[in-house]
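These notes open a run of structures that come right after.
One chain, chain A, links the two complexes that follow: it is found with chain B in the first and with chain C in the second.
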Partner chain A sequence: MFISSPLAVASAAWLVLVVVLAIIVAPLVVEQANHQTIGLRFFAPFQLEKGFAFFLGADSLGRPIMLQLIVGARTSVLIAIFAVGISASVGYAIGLVSGYFGGWVDNILLRIADIIHTVPSLLMALVVLFVLEPSILNLIIVLGITRIPVYLRTSRTQTMEVRERMFVEVARAMGASNWRIMTREIAPLVFPTIRTLAMLEVAAVILSAASLTFLGIGLQRPDVDWGMMVSDGRAYLKSAWFVAVFPGLVIVLTALSANILSNWLRAVEDPAQSTLFFRAPKKKKNVEAGK
Partner chain B sequence: MTKLLQVSDLRVTFESGFGKVDAVRGVSFSMDMGDAIAIVGASGSGKTVLGRSMLGLVDAPGVVHGSIRFDGEEIVGRSEKELRDIRGLGIGMVFQDALDGLNPVYSIGSQLSEIFTVRRGLSASQAKAESIRLMEQVGIHRASERYDNYPHQFSGGMRQRICIAMAIGMKPKILIADEPTTALDVTVQAGILRLIKSLQTETGMGLIFVTHDLAVARMISTRIVVMYAGQIVEEGLTEAIFQNPTHPYTRALLAAHPGRVRSWRDLEPIPDAFVTDSSGSEAENSTPQVVVTN
Partner chain C sequence: MLTFIGRRLISGLITLLGVVVVVFFLSRLTGSPIDLFFPEGAEPAQIEAFNRAYGLDKPVLHQFGIFLGNVVQGDFGTSIWQQRPAMQAALSEMPMTLVLASIAMTIAVLVALVLGSLAAVYRFRTVDRVVTLLSLATSSMPHFWFALVGILIFAVQLRFLPTSGSNSWQSWILPVATVSIGPIGVLTQVVRGAMIDTLSSGYIRNARARGFTGARIVYRHALRNAALPIISVAGDIAAGMVNGAVIVSVVFAFPGIGRLIVGAILNRDYPVLEASVVVVGVSIILLNLLIDIVCSIVDPRIRLT
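Coming up: the complex of A and B.
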């Protein structure tokens, strides 16, 4: 089923490539990536005479863009995974409790979520990162917290729907505790939605991390991520387009891949939709096989 | 000697936006091991709420007054935590909507086994053996092969059988069956009813069978309680009630059975009895007025 969907294969391949580069290759090339060679300032891309590292050109300080991208991938992936991990698990858990018990607990939690939601997340991140030191850890925490309400609301709504299902009533009549009903009966049915949402949010988080860095309050050199590279290249867009375009392209590709893959996962799990997405093997084949 | 179940002056009130609704208005009855009571009545007569209140399953805004004593212990007013000891092990319940009674993400076997490992403290292998034995007992063929099936691979009747297996697997002293066959077609219905009846005689548990179908009540019960507008209007041995119904409502119910008339034109609808009364006392004391035309 996976093979029959080339778009999903391509997306998965891209994401795997990014993660592998980020985890395995990045530590090996950090030195080289940050090595400045003023002579190679704005070295044009698609030439191999200065070595493969300079295939995508060099930036304003003569650093190889390709290696910068690889090192940047590590930061971006790290931020995306952990920020999404924090907000998804916290939002999922709180949403379950809130939706299951309802009443004043629900009200208080929702109002807190509303408050977090109404403050523009970029503004909040700006303030927090301005007061605290801009570092990867702080960036993860800020992005994680500002994204909690998205999961909380989804998880809560889904929980409220599942809570009314008959098997929950049956479990109660069987003497199951609230904790048991929440974790065993309701949580597994809420999980797929949260997972899809989290995959979509990976893209959103990479983009907001990029925009924070773009504004200059995300990371500081020598740490680098994709957003920072776009931001650096912006000034030279007219004279050296590739400095900004390549990292921008990588961000778009990663975000797109995460979206396509999550969409595909959702479709595969739903029997009604998977028949729409993947046609049954043609009859002709069966006849041929029969011969 | 204390009765197994003693319900006295039970009242269940729902506080709704347009006044109080008294779903159950002063119901009293009692039962022992081996009794099979059918609670009959039209929709909205309070029979389901009555069944649920015995497990403490009446949720807010519903309020329960009066007394339900199970094995001498009071149920009304117990905390959720104390109720859990009675639910399942003391009083089991089978619900009407079997199609959604099993969690779709777990296999049939794991849902059955879970009950035995969690509530009866069996080991995993004992629980599996017990589950398969129960599945066979409720008439699932080749139970060991179907142990790992998921609910969507079972038909409605089979799912209801599993729900019954889950309830009786805990060996409750009383089984409350809330219209367990209403969602099923007639042929499956007969099988389920026979199953419940034979399980009841086998184990000697008490049975409270809630239904709106008099034919079903006659088949399964030894005693019938007729409810109308949240009150018990008639109570007696099943055959006696069928032979000689005294209350006009019971007579109207019997007259509404299609088997008793020559043409559907002879069927008499029974006027609804929704009790929405904020003034209180008057409605409680008066017997419901039933218009019986023939």
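Coming up: the complex of A and C.
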């Protein structure tokens, strides 16, 4: 089914490309990406005479945009994997405990989630990152913590529902401990939802990170991020559109790929809701045509 | 109903208290405003006077005690940056943001209703696929980039929209579009899901059997029952709109709470930052309460307890 959907294959291919470039190529080109060549200021894109590195042009300091995009990919991949990893695993675990035991622990955890939820995520991250030194690690910590409530709520609600099912009752009757019921009986059923959500969150986290670096908070050179590149190009929108447009395009493509894959994961679980990956059941023409 | 509202208001207050505590300690960690307001080698006496005037000379916990006492009375202190009461600054910027958010929300809901219903009615067909892909694309679009591309196309190339400001109606178009683009994508998906559920329910089949036409069924019968999930996600989306408002204030120099918050952070203006976050928090809590009440009116099966 995966292979039969070109959209899902293309999205996965793009994400794999980004990850490969980020892990293998980025470390090799960091220096070259930050190398300034004033003579090549705003070198126009789609020319090969200065080498492949300058195929997407150069920015206001003559740095090759293509290589910066690759180094920026590393930032995005690191942030996406680790921030989503932290918030998903912590939220999943706390949600399980909170939903399974209920009571005052549940109340307090829910209250904390509410507090994080009441302050808009970007605002929270802005305030926190202004305290901390700009670095990829701090971006990961901030985004990892602020996104926990998303998973916590989902995992908690699901756990509360699964907890009441018969097989949990059976397990308890057979003498299974709370720990065993949580990890062996309930957790596997909550996992698919968390996985789908995490894929969705990859897109959200990449977008949040880009917004923060666009605002000039969170990262500094020689680290490069796509949002930061858009921000650099903003002042030259009139004279050199490509400096701001290309990094943004890469952000959109990456976030879209993650979103499509998430949609595909949901389609696998619930075919009734999905449209991108399933054909309509064949109907008789006259039924549809009758207005 | 009244006990419900009362209980929600109390739990809202507790949440708000948590927000105030978090923001207070976070903002105190961002470094001292002295580095920003005084040149290097300023008179120690001057700095001391400044510290005393803003209560910065006391231990942090003591500062927090005084702060909390004042906050309860609605006093967030004087803005270090704008020389006026912080609460006043926050409240004076809020209406602009509320107007922007309301317009953006209205547009997002209308567009999502049309696109989502179309997708649900023509489920699994080309219309549905295009709408779904489109809605995924809009929710994958970073606000700031959408805004810049908007400027590039409509202000720089075509020259019929201004690049910044808020004086004419034209200058509202790009900010509103920027803030509503994300919500349109999310809401369209929600509308589609809700409409698919209701369109396959028994009473709709009954209506069809009685000979009502397709369009009438959609907007008279199905939309009403599909309204619930749409209203309930609106709260989360409204909170997300503040994120958009921050970006819009930076890109378009658009007035509103976003501009104030960014300015307060850059100027280490604690009182204004705290007041703005609390104002935003209060708005979101009230909005969520309102949404719960509206949900119970739309669907009486929901009991408010």
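The rule is simple: the second predicted complex is superposed on the first by the 268 of 291 C-alpha atoms of A that agree within 3 Å, B and C clash if a C-alpha of one lies under 4 Å from a C-alpha of the other, contacts with A are read in each partner's own complex, and residues count from 1 in each chain.
What we mean here is this: contacts are C-beta pairs under 8 Å (C-beta built on N, C-alpha and C of every residue); 3 or more make two chains touch, one makes a residue touch a chain.
Everything numeric here is computed off the predicted structure, so don't read it as measured data.
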item	value
Partners on chain A (chain B, chain C) - clash or fit	fit
First (chain B), second (chain C), both or neither touched by A:V77	neither
Partner chain(s) touched by A:L189 [first = chain B, second = chain C, both, neither]	first
Which of chain B and chain C A:W241 touches, first, second, both or neither	second
Which of chain B and chain C A:N259 touches, first, second, both or neither	second
Which superposed partner A:S177 touches (first chain B, second chain C, both, neither)	first
Greater chain A contact set [chain C / chain B]	C
Chain B and chain C, minimum CA distance [Å, superposed model]	13
Residues of chain A contacting chain B in one complex and chain C in the other	none
Residue ranges of chain C touching chain A (in the complex, touch as defined)	11, 14-16, 18-19, 22-23, 26-27, 29-31, 119, 123-125, 128-129, 132-133, 136-137, 139-145, 148-149, 151-152, 156, 193, 196, 213-214, 239-240, 242-243, 246-247, 250-251, 261-262, 265, 273, 277, 280-281, 284-285
Chain A - residues contacting chain C, complex	7, 111-112, 114-115, 117-123, 126-128, 130-131, 203, 207, 210-211, 214-215, 227, 230-231, 234, 237-238, 241, 244-245, 248, 251-252, 255-256, 258-260, 263, 272-273, 275-276, 278-281, 291
List of chain A residues in touch with chain B within their complex	165-167, 169-178, 180, 184-185, 188-189
Footprint of chain A on chain B - complex, ascending	55, 57, 80-81, 84-89, 92-93, 95, 97, 99-106, 114-115, 118-119, 163, 166-167, 170
